[in-house]
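Below, subunit A partners subunit B and then partners subunit C, in two separate complexes.
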Partner chain A sequence: MVAYIIRRIGYGFLTVLGVLFFLFILFFAVTDPDDIARKAVGERAPPEVYEQWKRNKGYDKPLFVNTEHGWLSGGRYTDTLLVDHYTRMLTFQFGQSDADDALISKRIREGAGPSLMLTVPLFLSGMAVAVMVSLFVSFFRETYIDRMALVLCMLAMSVTILLYIIGGQYLIGKVLHWFPISGFDPDPTIVYKFLLLPILVGLVNGLGADVRFYRTVFVEETTKDYVRTARAKGAGEIRVMGNHVLRNALIPILTQIVVAIPFLFTGSLLLESFFGIPGLGSLTIDAIFGNDFATLRTMVYIGALLFVTGQILTDISYTLADPRIRLE
Partner chain B sequence: MTKSISRSSLWVVIGVALAFLTACDNNPYTPDDSSKKILYTWFREAPKTLDPAVAYTTSSHQFTGVIYPSMLEYHYLKRPYQLTPSLAKSVPAPEVLPNGYVRYRFDMREGAMFEKDLCFEELAGVEHREIVASDVVFQLKRVADPAINSPVVSVFSKIAGFDEFIKALTEARAADPDFSSRRIDQQYKEAGDIEGLKTPTPHTLEVTLKEPYPQILYWFTMQFTSPVPWEAVVYYDGQDGRDHLRDHPVGGGPYRMASYNKQFRVVLERNPDWWGASPAHRGAPGTVYPSEGEPGDKERGRLDPKYVGQPVPFIDRVEFRREKEAIPSFGKFLQGYFDLSGIIQESFDQVIKNDQLSEEMVEQGVRLEKSVSPDVFYIGFNMDDPMVGHAAGERGRKLRQAMSLVVDVEEFKRVFTNGRGVPAQSPVPPGVFGYEEDYQNPFRVVDKEKAKKKLEEAGYPGGVDPETGQPLRLTFDTADTTSRGLLQSQFYVRAWRTIGIDVEIKATNYNQFQEKVRNGAYQIFNWGWVADYPDAENFLFLLESGQARSVSDGPNTANFQYARYDALFKQMKTRANDETRLEIIREMKDILAEERPWIELFSRENYALYHGWMQNVKPFGMSVPFYKYWDIDPDLRTENRAAWNRPVLWPVYVLVALFFAILVPGIRTFYRERQ
Partner chain C sequence: MNELLLDVQNLRTSFPSAAGRVAVVEDISFQIHKGEVLALVGESGCGKSISAMSIMRLVPKPGRVETSARIFFQGRNLLDLDVPDMRKVRGGEIGMIFQEPMSSLNPVQTVGAQVVEAIQLHEKATAAAARDRTVALFKRVGIPDPEQRFDAFPHQLSGGLKQRVVIAMAIAMRPKMLIADEPTTALDVTIQAQIIDLLRELQEELETGILLITHDLAVVNELADRIAVMYAGRLVETAPRQELFENASHPYTQGLLQAIPGLAKKGERLHEIQGVVPPPQEWPVGCRFSSRCPIRLAHCADQPAPEIERSPGHISFCHALEKEAVA
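Up next is the complex of A and B:
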């Protein structure tokens, strides 16, 4: 098991290195640092100014091999963008934003709070509601409740999240006046007001797919022998569904859930942007529109890192949920 | 079993419903704040910089314009725009020196202080200090500093010795690598004085220009010429966890920055140390609400005796919330949570009916204020081009005239701007001396027959070039590659096609477009100009030959060169606004009408909505914030907000009922079937 985990981590590390190289090609070889500089200091800035900017950022170095400063002249062949890129990312020294020179790590720390405030409750309530509804539906399998739920799920899945967002803001914020249409305030006495609507929207958006998936898993389980045995022993329906079926259905559910956990940190691009929540998703969107390549690079890297972590965690969680699975 | 399921779910549902009812409230602000005089508005994107030597956008001016004090300011109500004193005790008059230089002498108020800030404490051990004339000189040296990259260096190059200072500073930095690491005020000191900026006393600033340029005074209303404390520049360098000056303004205006979070909130608060609030300067222009305005101000409630002569500001705090999307922010305006708003495209027809506010809006007490911004959008011809330019002589002129006669701005407005905008007859927009409402440019009416005739006279009957037998082929270059931009370009092209001319659209990105402009490889283009200050000179110079792109890389992208026009421009630019100046401007407009280097399109018109509890609001047209004159009736606002935002709760009950309606028969069926 330990050997397996170490091997998995090793593979994960290689994957991250690969992603970093891909990022490098995209952000430095495909995008000309000159263009980045011009976007940052303004199209009309004189050449000296953006040359200076590039020097400050270290974007003036050669891409792969530094032939200008050989060892003989006291420099290093490795004084290049590629080496800088890897060192910065692997040591988590993300440096400054291309758009306004703010420290990226500080931005990420500031944005993680609001992101987690949105994603953690959304994740937990989404999971709870989806499991409850699908247990309920599979309990009533093959009845009108089941069929109705399936139709509703299909409908819910076919609608884009943008419609839920705009519809939610219109109906709940504007017509019914339940919550603010958008906005954020970290003041703990009112912060919940801003989160309820995006959580509700996120919940409805994810519910269709989740319920359908869990229902399939649960229904499959309810036809198994042990369920009949449990009933025969006199276990009540609540106990059968909540205890026996739920636990046995955990494996496929875990696959879905554990992978998602690390992404709670990166926030939700669209929800944050439309509801004005200053989290990491919003930060990423800003970086895209503001030509902030440094921040964007960092966010993509962090995303890759979290994805790899999620994969490893999922594997480990299997053995915890089902002792029959051995990782080798 | 059945009982326990429905009982527990019943409690859950009731619990959720109860929690929901108590949480139900769409007020996005701290409840205690509703009785305070706080202006609530929003921003889409935090400005890149608040550095007063660099900031040159509306989004930054809405903050810097009230944080940094200025020598002069605009009269809030009077139109055409009028300058009034501010930090300077009077608007200085030009004084021509024997060598032809022109000097302005600003007498500054004594005892005006910078706001209290940590930088003074850290570097000088005091809470704050007095504003003196050398702080303005320091700021102008910053504008000159190439490392700052100020967008307005060329304007201040008219100051004697300005360019020499730039040269000295650049050379000093190049000669000695250590020079740049010295404290910035030391660097400026060692690079020498700017000859045309003198401070004979701590409260006197003498500005000497190499040539007459009366418009320089307008620049003294802007933050490029605001006093800036060297302490702030030195201290806020972005190192060791300290802010950068561009995110931490240190001024001394009516408001100060209370909180600057670019991600979601910017808060300005009343600056207790503003010079205008001290008894010594009570009643000076800009410290009290004005007593005069233009006709119509009284009727619109802008000269209420309750306010006239009262000390400003009235509003204690201005809160800007970040709203990335237009739809939610407009929704919050309608709920009373934002005090003012523009009109979004999606709701335009709902808000404006027949160019008037809809009844629904009027009932809510909303007011509509229209204002035309001093800007002009146009289609230009590259006059260096052999086909459409000077070289084509009479043929080229007639061709341009013909093309001008078919571009229908009214139609353009209807299609693209919801009817907003004032059709332009000349480069001079409304609100600027030289604009005449009844002036009609003979080639800016739509007349297809006349256009066809002109085209025939030009030697292209029916748009066909007799030499080739093919329709005339021209190109239209644009940097706007958005779908909307393309539609607009197609609008022009379609108009020209009606007289048989075939124009090809070449849309490229801005860099490539700039490249084409640099190389002179363009024929027809469209562009706009937003005024730095409301003077005809700032518009008519766009066609002066000295400013031609191909000559001096100036903003005369049409490369229009016309001796008589240049001569008139020279006379006009240094004249005060009098009858002769108007005559000169008229003649210049006539030349442009006949020659057609431009097809003038329109000046933008802004429709702004204000709630009934906002008082003394007058749109300004230029990006100068005037929160200090505005007032709010917080009681009315609280009352309206409550009335407009009562939570509608019946859907909750319906949902709960629906839940049970589905559940109960299901449970019954299930058990019946199992038994």
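Up next is the complex of A and C:
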């Protein structure tokens, strides 16, 4: 098991290196250091200011090959933006934002709180509601309750999240005045007002797909022979569902959820930007629109690290849920 | 004759289909007395297992046991019991053994815990007491190293051992009756013999009645006191074992017996029954076997077969025999 995990960490490291490489290629395929500089210091600044800014930020180097160095000099391939990119990321030197020179590590610390306040309750309530609804639905499988639920799920899945966001803001924010339309205030006594609406919207948005997935898993389990055995020895339906079906269904469910846990930290791009929550999702969106390479690559790098971590955690959680699985 | 344990009257179990509800088990009646082994025999899909599940009221939805049927177990109609009372019967008074030991145990629970659950569902036993009883049961059903096996997961045991666990679970509450649904079908031949011996020992020791469901006539010969033969959802013949093997009167039973390799002469081609069992939607109104019957009469397909008593305890459902009886 230890050998397996070490090997997985090795693969994960390679994956992260690959992500950093593709990020670099893609970013500089659509833009170049001059664009970053222009966005940062303004369109009308004189050329000397650009050059000065690029030198300060290290963007004056070429991307892959530095021709100022001779053929045999090591600097020809190491004194480049790509190598800088890797060195900074792998040593966790995130540096300052290209847009406004703020410290990126400080930004992340500030943004993590609001993001987690949104994503953790959303994740937990979404999972609890989806599991309960789908246990209920699969208990009534093949009846009109089941069929109605499936139709509703398909309907809910077919509607875009944008409609839920705008509809929720209009109905609950503008017409009913229950919660503000958007905004954020970290004061713990009122912060919930700003979070409940986005959480509700996220919940409704994810519920259809989750219920369908969990229902399939549960229904498949309830037709297994061991469920019949449990009933034949006198177990009641609640016990059969809670004790036997749920524990066996945990294995496919774990794949779905454990891998999602690390991403709670990176926040929700759409919900945060539409509801004006200053979390890491907003930070990422702003970095994309602001040509802020330093911030964007940091967020992508962290996302890749979290993804790899989630994968390894999923594998480990399998062995806890299913005695038949051994990692080798 | 011992006291009557199970009295099934006119069992009828139906499933919905495109053409309305179709009864896959129809008009099945039989009795089992204390300590008696009744074998319910028939081809796959003839409704044997559904009959067994009907008695336990565990027919998978949307299947349904029609309320016109009556299933008396020790004088009480099981179809009238409320859910908590029925739960006490399951595992408490009627134990059940299943066909597939590979899949009939919960894969994520230790086998010991699953037997403990069977005990604790029916009485307030402490964890330690239930564990001791489970280990004793494991020992009784011939599981070596029962203490260690208690904490094993199903995938760590062989098929034969798993079936012993299932049997231990079924007899945990010393039920008055066991339903064994193809208990040996999925096992190796050598293991089959051991499991049959075990069932016979337990049956004598606990004086349980057994409803043995199988398509394997060799198993029937080893265990059964009486045999009921089913074809396409209906009984065709029922008789004591010896009588049935020697004087089978229904053309289907005769065909079945002639198809046993052991009874045919060496070098002779095995007898086969022509055709296949039709699907439930195409079952004839009259005698269900009429479409494949070698001695079919003109009215066989239209009128239900009459019940003919050949000798005490030997009943056959056949038009051709009626004619014979009259003549």
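Following the convention adopted for this analysis, the second predicted complex is superposed on the first by the 313 of 328 C-alpha atoms of A that agree within 3 Å, B and C clash if a C-alpha of one lies under 4 Å from a C-alpha of the other, contacts with A are read in each partner's own complex, and residues count from 1 in each chain.
Assume a contact is a pair of C-beta atoms (placed from the backbone, for glycine too) under 8 Å apart; a residue touches a chain by one contact, two chains touch by 3 or more.
If you're wondering where the values come from, they're calculated on a predicted model, not measured in any experiment.
Engineer: Superpose on subunit A as described above, then tell me if subunit B and subunit C fit or clash.
Structural biologist: Fit: subunit B and subunit C sit side by side once superposed on subunit A.
Engineer: Does subunit B (first) or subunit C (second) touch A:Gly234, or do both, or does neither?
Structural biologist: second
Engineer: With the two structures laid over each other on chain A, which partner does A:Arg324 touch: subunit B (first), subunit C (second), both, or neither?
Structural biologist: A:Arg324 contacts subunit C only, not subunit B.
Engineer: A:Lys224 contacts which: subunit B (first), subunit C (second), both, neither?
Structural biologist: second
Engineer: Once the shared chain is lined up, is A:His244 touching subunit B (first), subunit C (second), both, or neither of them?
Structural biologist: Only subunit C; A:His244 stays clear of subunit B.
Engineer: In degrees, to the nearest 10, note the angle that opens at the C-alpha centre of subunit A toward the centres of subunit B and subunit C.
Structural biologist: Nearest-10 rounding gives 150 degrees.
Engineer: In the superposed arrangement, does A:Ser282 touch subunit B (first), subunit C (second), both or neither?
Structural biologist: first
Engineer: Name the contact category of A:Phe184: first (subunit B only), second (subunit C only), both, or neither.
Structural biologist: Touch partner of A:Phe184: subunit B, not subunit C.
Engineer: Is A:Phe123 touching the first partner subunit B, the second partner subunit C, both, or neither of them?
Structural biologist: So A:Phe123 meets neither subunit B nor subunit C here.
Engineer: Which partner does A:Phe265 contact after superposing on A: first (subunit B), second (subunit C), both, neither?
Structural biologist: A:Phe265: touches no partner chain.
Engineer: So, A:Phe28: does it touch subunit B (first), subunit C (second), both, or neither?
Structural biologist: Neither partner.
Engineer: Smallest separation in Å between any Cα of subunit B and any Cα of subunit C in the superposed model?
Structural biologist: So the smallest C-alpha to C-alpha spacing between these two chains is 7 Å.
Engineer: Under the contact definition given at the top, report the residues of subunit A touching subunit B in one complex and subunit C in the other.
Structural biologist: Shared contact residues on subunit A (touching subunit B in one complex, subunit C in the other): 236.
Engineer: Of all residues in subunit A, which touch subunit B in the complex?
Structural biologist: So the residues of subunit A touching subunit B come out as 35, 38, 41-46, 48-49, 52, 99-102, 110-111, 139-140, 143-145, 148, 166, 169-170, 173-185, 187, 189-190, 192-194, 196, 236-238, 273-278, 282-283, 285-286, 290.
Engineer: Residue numbers of subunit B touching subunit A in their complex, please.
Structural biologist: The touching residues are 1, 4-5, 20, 23-31, 45, 48-49, 146-147, 149, 151, 238, 244, 246-247, 261-265, 321-325, 327-329, 331-332, 334-335, 337, 510-511, 514, 645-649, 651, 662, 666, 669-670.
Engineer: Spell out the part of subunit C that touches subunit A in their complex, as residue ranges.
Structural biologist: These residues of subunit C touch subunit A: 56, 58, 60-62, 83-84, 87-92, 95-96, 98, 100, 103-109, 117-118, 121-122, 153, 155, 166, 169-170, 172.
Engineer: Sort out for me which residues of subunit A touch subunit C in the complex.
Structural biologist: Within the complex, subunit A contacts subunit C at residues 141-142, 223-226, 228-236, 239, 243-244, 247-248, 321-324.
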